[in-house]
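Scroll down for the structure; my scribbles are underneath it.
When the chains are written out, they are named A, B, C and D in that same order, and each has its own residue count from 1.
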């Protein structure tokens, strides 16, 4: 699948073409406060080959200014939120929260400055089976990881997005999801927006319908773990996109290992980030 | 020969290299992972992930963490095993790419067996034995931390292979020069240094180490001045070639290692930040030589003017 | 007692400290230099610049350089000498400030003489002997790099003073735990670790070391994970108190050292960046204890939950 | 001497009052490109006690943003160019060139951000003797170090400023000096502005007059060394402000040692930065 505006691709298409990753020096087009707690970064990436939903990129905000810094050192993994084709490449959008030093440095990258990017990395979300209804459950920064999935899924799958956060202020991208014209349900821990509940409560309710369903989830580990349990009980397939710490993003540092139920480890960056939730040893995740 | 007219070739312990830039074991996978980013024929070659006799799955996560200008890792022994490497990984590497295989184990005879299996395999230009592994029989201290144990390891590896043999030294020692001399004495063709520095990082919210393993290895720019010191000290003590490793992220960094006495260098952690960096370092080294009037990069080896004592 | 109601006092090797934050030798002058910035009674105390028998002028410049998240120094022995310290520096220090004097020399009997002169001086709460100096008679290796030499040094210093005696260890060793045990065995009351890590930085334009001395000592955040590892290793081996040093720049950093087993800490390079940082670290440590439900900072000492092996 | 607008103090006054240094978190008021190669930083420094000509401050640009960095680590010494009293402190001006990583990071400090400052540090320039004519010879970033000296010197000293640079583009602060109403002579190595000569050539010419003269100099070591030689030959007192590398700025790291003719070292930050040029072992300086 190539870089696109918002044209939908049929779900069985996105897994087909793998986009060979590139490393590029990207110009910052914009990097604005989105209100709530998130920021939207737009990068002009030369030769960007496109991406499939679920893929991510590694961003190094500190390595390119006139005063290159080695602290913070490691690049930060970020889902590719969406991209727009332009001559000679693409504008790539990242939706992120400032949660530490690397993302704070990213927030300082102003138009006119540059950010090093490596991507797209990882595998796409596996597409749903033809007649499956799709439920997308996301929380925290995981919300950014599922936006393109929501955007790509054919309406025949009746996609519903369940977004969770501690408070209304912690949510991100709600308007974008709503503008896709798909159903969005919100739960907050403090009731400041949507249902006063955990998002996994919404999931349980949604699974009461008997229709064959597939769940996709991305967010804090406890949330995904709970989704996996609920789906296992309901005998519904669940795909979870993990957010392990990463150093390289393309399978060489072996740092992002996720323990598997059958023993051994998968590499989140290479074998994921999306996995069959039933295959993950959730207790063994950090 | 680089296009600049500088002779960039070096001979590392009997391994002829197009240029002095290798990539370090454990930071470059089995080579093919980098093909989207870098034509491996642009660099001197690469050292593959260290191999054990059997495939190993490694440590539980978290395996990595960040530290000031550095990262910590405790990947442990995770690798596909020596046989699988020879069967599936090696054939996937493009022709013309110089491959150095790395061996590590927990006992001396197992090290020797890994070396024996890698020995004489056509695509492998040389072996590097990673002496930074804890030796089961010495109560967990690293092979490279005890001169007597190191001597036995090197002697045994030497018997197991006739090809070029590099020994990769642990930096967690009092006298790196002594360790380098042991390697030279036992017939190693060269030494590589340094491996990651043993370190600990703690999470004050959980009051536990950040790595599941507890201790880990510190790598990246933070350790470069330590590595440079050790390369210089080793270079004063031995006459076999040295491969310099530790925090190299630019051509200038690499030049420093040559000046300190290294014949070639290995780029490690920097590969994660910029997967084509080793190629840029190669080009930049040739440019440095040209700008400073050196016809051969090899003329920079050991050219440091150290103040008289 | 801090205002927060947390008991911040600790006993470091017989030296009662208001709180666990000291400042490190060579980074805090003779104490008064910081008076414009920090009331020294806010911190546990300070370790004065290391003293030799005679005044010394130190190395030619450049003596300092920057490295990734670190600095390098080769100040060498520059100090006013032990007698001048006692005569003019000590009386200038405000009452109520805990002063630890530091001794270093190039031979064992000279160390002992420095210790003897500092011993029993009323304003001095304890002595720290800096074992990272090159020993002239051992061909320039550091006192702290050879267990036998270290044992003689500590035994001799022990005889020279009856007061609290800390030994400051060199990190440039294979087995820090062994060195710590030697100190304990020879009667030291505590150990301080780590001193700067031996390192080299090179200027590729001059092809000379950046420091006039050639080698230097690496300090600052870059060495913190190494220091933390060594403190933890020493804490597993000895039961005398440990003073943790290396790259501490925040209360969180200091807490990590306590968790790893240190009774107190010393702030070094960070004093240059922010001359009141030690006071902020003291306050922050009390706040951490309070936020995490510890009534005494001392309860954090060694509280690290290390994964089972 | 307290913080001031531009009121001159009589030269024997500035040495009297020593300003106890402070460490402060300063708001960036402005940080603009000055044209040529220099930048002007203005900081709002609470409780700034004022300064005397020749004093400097240590600036840490990377330590205070949301993402504190430890690389580059050390603070950078910068002359205090001038200051303006405001309620509760002063606005302090720094004129600087981007020559490496620390100054490049400083150039990124935008209004709204903060910079840690320690100062004023060091000693003031020794004032001239009553009837001495004053020649100020400066080059490179040393030009910034002598501006307040030029501003403070009484016109009875007939101050003349000789500025040198490789090219016109490397000069800084020329307009400021000219607006002081004192004589400014310029020499550039390539003749692109002023005399086609080295600034030390202007000095030799100026010393041909027999009037009792005092020379102040700050700039690259070879330039100051040459000034010292010329002055020694002409038997004219020369005060040189050294620019050694520094870690602390207040006499505790012992890093900034300058070798003395009589043996031993002076600390540039504590005993200087200004020294009698004849006391310095110029060959021993880095």
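The rule we apply is simple: a contact is a pair of C-beta atoms (placed from the backbone, for glycine too) under 8 Å apart; a residue touches a chain by one contact, two chains touch by 3 or more.
Every value quoted in this text rests on a predicted model; they were computed, and no experiment measured them.
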Minimum number of chain-to-chain touching steps separating chain B from chain D: 1
Other chains in touch with both chain A and chain B: C, D
Most widely separated chain from chain A, with each centre as the mean of CA atoms: D
Separation of mean Cα positions, chain D and chain A [Å, integer]: 52
Whole-Å gap separating chain A and chain C, where each centre is the average of the chain's CA atoms: 47
Distance from the mean Cα position of chain D to that of chain C, given in whole angstrom: 35
Distance from the mean Cα position of chain C to that of chain B, given in whole angstrom: 33
Multi-partner residues of chain D (each touching 2 or more other chains): 70-72
Per-residue overlap in chain C, given as positions that touch at least 2 other chains: 68-70, 212, 220-222
Graph class of chain-chain contacts, one of line, ring, star, complete, other: complete
Chain B contact footprint on chain D (complex, rising order): 70-71
Parts of chain D lying in touch with chain C, wherever the complex brings them together: 20-23, 60, 63, 70-75, 116, 118, 244-259, 263-265, 284-286
Residue ranges of chain D in contact with chain A within the complex: 62, 65-72, 98, 100-105, 107-108
Chain C residues touching chain B - in the complex, by the definition given at the top: 67-70, 72, 141, 145-146, 172-175, 197-202, 204, 206-209, 212-215, 218, 220-226, 228-229, 232, 247, 252, 255-256, 259-260, 288, 303-307, 309
Residues of chain C defined as touching chain D within the complex: 26-29, 33-34, 36-37, 57-66, 68-71, 73, 75, 78, 212, 220-222, 249, 269, 271-276
